[in-house]
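Common to both upcoming complexes is subunit A, partnered first by subunit B, then by subunit C.
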Partner chain A sequence: MLQRVYDWVDDRLDITPMWRDIADHEVPEHVNPAHHFSAFVYCFGGLTFFITVIQILSGMFLTMYYVPDIVNAYESVRYLQGEVAFGVIVRGMHHWGASLVIVMMFLHTLRVFFTGSYKKPRELNWVVGVLIFFVMLGLGFTGYLLPWDMKAYFATVVGLEIAESVPVVGELTKTLLAGDPEIIGAQTLTRFFAIHVFFLPGALLGLLAAHFIMIRKQGISGPL
Partner chain B sequence: MSEKKHNVSRRQFLTYTLTGVGGFMAAGVILPMARFAVDPVLKAGAESDMYAVAEVADLTEEPQRFDFSYEQVDAWYQSEVTETAWIYREGDNIVALSPTCTHLGCTVNWDANEDYPDQFFCPCHFGRFEKDGTNIAGTPPTEPLHKYVTEVRDGTVYLGTAEPQI
Partner chain C sequence: MHRGKGMKFVGDSRVPDNKKPNIPKDYSEFPGNTEAFWPNFLLKEWLVGAVFLIGFLCLTIAHPAPLERLADPTDSGYIPLPDWYFLFLYQLLKYEYASGQLTVIGAVIIPGLAFGALLLAPWLDTGPERRASKRPIATSLMVLGVLATVYLTWESVESHNWEEAEAQGEMLDEEEMEAAESVDMEAAGYEIYSEQGCIGCHGDQLQGSGAAGPPIFDVPYEPDDVADIAVNGIGEMPAGQFEGSDEDLQTLAEFISSGGNPEEGGGEEEESEE
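Right after this comes the complex of A and B.
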């Protein structure tokens, strides 16, 4: 049945070359842990992406309960964590995944560095990777405020204070992030929510696409 | 009309007009959103009032903690917020210091650490300040604690905004 549906679509749209091009390619021996166990270091990039997918999915589901409003944010987080079935697990996935994604990304960066994979012709992909790193840090920073508890609030006070200490553009940056020159409050939370849920994920998906297109185009770097 | 007299070719003309129109349309889409996003930077700051905080008779040479509340308008959210000032008297002079650490915005306390008596101490990164708010060299803060604008009316101390001392 499924085969017939596939054939019907394939007959009209010729989709086989599309997914073949994405999914059907050889894994070189030197990056395949089945051949050399030490090749597991080549998995960190894929693991980073895997956790990123988990972050996106768990985040999507968290917004079913979460409200970015200073009166209700904390209560909504407490409710979704305490009262909703599996709430503690879904929030836990997002919470622990956030740290894990940084760890995986760091290990991936080390692998790329020590195998010299950033060298010509892959310099641009390194640059895109660093941009992804900054976007991830931004996601971590903006997501931290959303539960609107004391820890979140004062971490953001400190974070915005750091932004403000930048010469020349510091105060402007702080006001743009916080939504108010003085108060860290209602507008800060909505802005951080918007940045966390729409702006940075949008940027992240674009950068990831560029990252993956480049690695497919150039192939994985050779053995040491 | 001979083709030779045209300095702009048909193709160039089309390129210019289409980029022009396209640019105009893109600007029409982006401009409202950009102005929308930067509004907090361009909004005029609220005027600050003076609030009654303490009685002059209660002040001592030792900084004392005084809390005061006022109505704060945070966009669509109005609430009563409480702020703290450390106030002391120095002869006829009244000094009111803000408890916000000038390092990264944590809250300092007077005489809070046993090792550093008679100093303001910040628990976050161990920033310290003298009684008059001067930051102590070798600790993270880079400027003195901010000082409230003070005014005395009928034996009551009124505080305005906290301003940098330097």
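Right after this comes the complex of A and C.
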């Protein structure tokens, strides 16, 4: 039955080549922990992606309750955490996942660096990877404000002060992020929400796609 | 691939009408113990992922995500702290040569050089050698960068007063919340409370504001003592805060002493009855 559905689609859209590109590739011995346990260092990239998927899913559920305005943001988070069934787990996954994704990405970066995998012909993939790193840091920074509690607010105040101290573009950047050259308030929260939920995830998905297409095209770097 | 004349398409589409068999490649001829990703390796990854997910869920249950009290932009005494992965930058900006007038060094030049070098690593380290031990400059710079980041983060964690910050950010518990909610904002005392500036440090519901002023909806003082404190100060609260008539002072003192409910008899007395 499944085969017939597949054939029916394949007849019309010729999906076998796409399927081949995505799924049918080798896992060489030197990256397979089943053969060499030390090869677990090659798992960090996959784990980063796994946690990213967790972040996207838990984030989607969080937006079912979260209200991005300064009157209700805090109350909605408190309600989610205290009253909603499994709300504490969903928010916990998003909270801890944010830290874990940074840790895994950091380890993945170190693995790629110390195995020299960024060298020719993989320069572009390294650049895209570092850009993903920056986007992730941006997601961490903008997401931190959203609960609108004390540490969220004051961490953002400090962060925006640092952005402001950059010469020439500093004040423009701050105004762009905060919505006002002076006030960090209602406008800042909605902007951070928009950046956290739409702008950066959009950029992230594009960069991840490029990252994966390149690794599929080139294959994983060979043994040292 | 079929090219040129005689190509057949599916209907009037651009999809070529020639079927490719969907049989996975045979990896047994590849060098070493190569394994097919689909489905062999993916199943193993799936198992590892499931174990990881269980551990992760246990973490979220054992340590729920923290939430402090509602943001209060007027609380200037709060010790701010960014999330842990920005601590290295936060700490860097505390050093003399990277702060004040030289903030540009700490905020732009040092991180710019570090992250710029990271981004452009493939063009800074162009040799064909891949082993870390065979490219000492790149390796030592990276090790140095990682050590510096770890050290700065560590220093920042060390110098932060975690206990005080936690106390500053703590939420009111339910009893306190109720007491704060029940403050009578229509009372004459509340008007004086707000006009005399008490509200600035002790909050609009007598709930206090972290570092600046403690909550005062449940003070163990008689009205006379409260009046004395309002005029002469106590602890860190300076003297001369109240500048009004004696009559107003009496109303205010009774208002605060009663926990913001002068008409109902007040918090302190209620509690002693219980």
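Keep this in mind: the second predicted complex is superposed on the first by the 223 of 224 C-alpha atoms of A that agree within 3 Å, B and C clash if a C-alpha of one lies under 4 Å from a C-alpha of the other, contacts with A are read in each partner's own complex, and residues count from 1 in each chain.
The criterion applied here is as follows: a contact is a pair of C-beta atoms (placed from the backbone, for glycine too) under 8 Å apart; a residue touches a chain by one contact, two chains touch by 3 or more.
Nothing here was measured: the structure is a model prediction, and the numbers come from that model.
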item	value
Contacts of A:127 with subunit B and subunit C, given as first, second, both or neither	second
First, second, both or neither for A:172, with subunit B first and subunit C second	first
Touching partner for A:71 - first (subunit B), second (subunit C), both, neither	first
First (subunit B), second (subunit C), both or neither touched by A:83	neither
Dominant toucher of subunit A (residue count), subunit B or subunit C	C
First, second, both or neither for A:180, with subunit B first and subunit C second	first
Subunit B and subunit C footprints on subunit A, overlapping residues	70, 154, 157-158, 162, 185
Residue ranges of subunit A touching subunit B (in the complex, touch as defined)	70-71, 154, 157-158, 160-162, 172, 175-176, 178-183, 185-187
Contacting residues of subunit B [partner subunit A, same complex]	37-38, 40-41, 45, 72, 74-77, 103-106, 124
Complex interface listing, subunit C residues touching subunit A	10, 13, 15-16, 19-20, 22, 24-25, 27, 30-38, 41-42, 44-45, 48-49, 52-53, 56-57, 59-61, 63-73, 75, 78-86, 89-90, 93, 103-104, 107-108, 115, 118-119, 121-123, 125-132, 135, 138-139, 142, 146, 165, 168-169, 210
Residue numbers on subunit A that touch subunit C, as the complex places them	6, 10-14, 16-17, 19, 23-30, 32, 34-35, 43, 46-47, 50, 54, 70, 74, 77-78, 81, 88-89, 91-100, 102, 109-110, 113-120, 122-123, 126-127, 130-131, 134, 137, 140-141, 144, 147-155, 157-159, 162, 165-167, 184-185, 221, 224
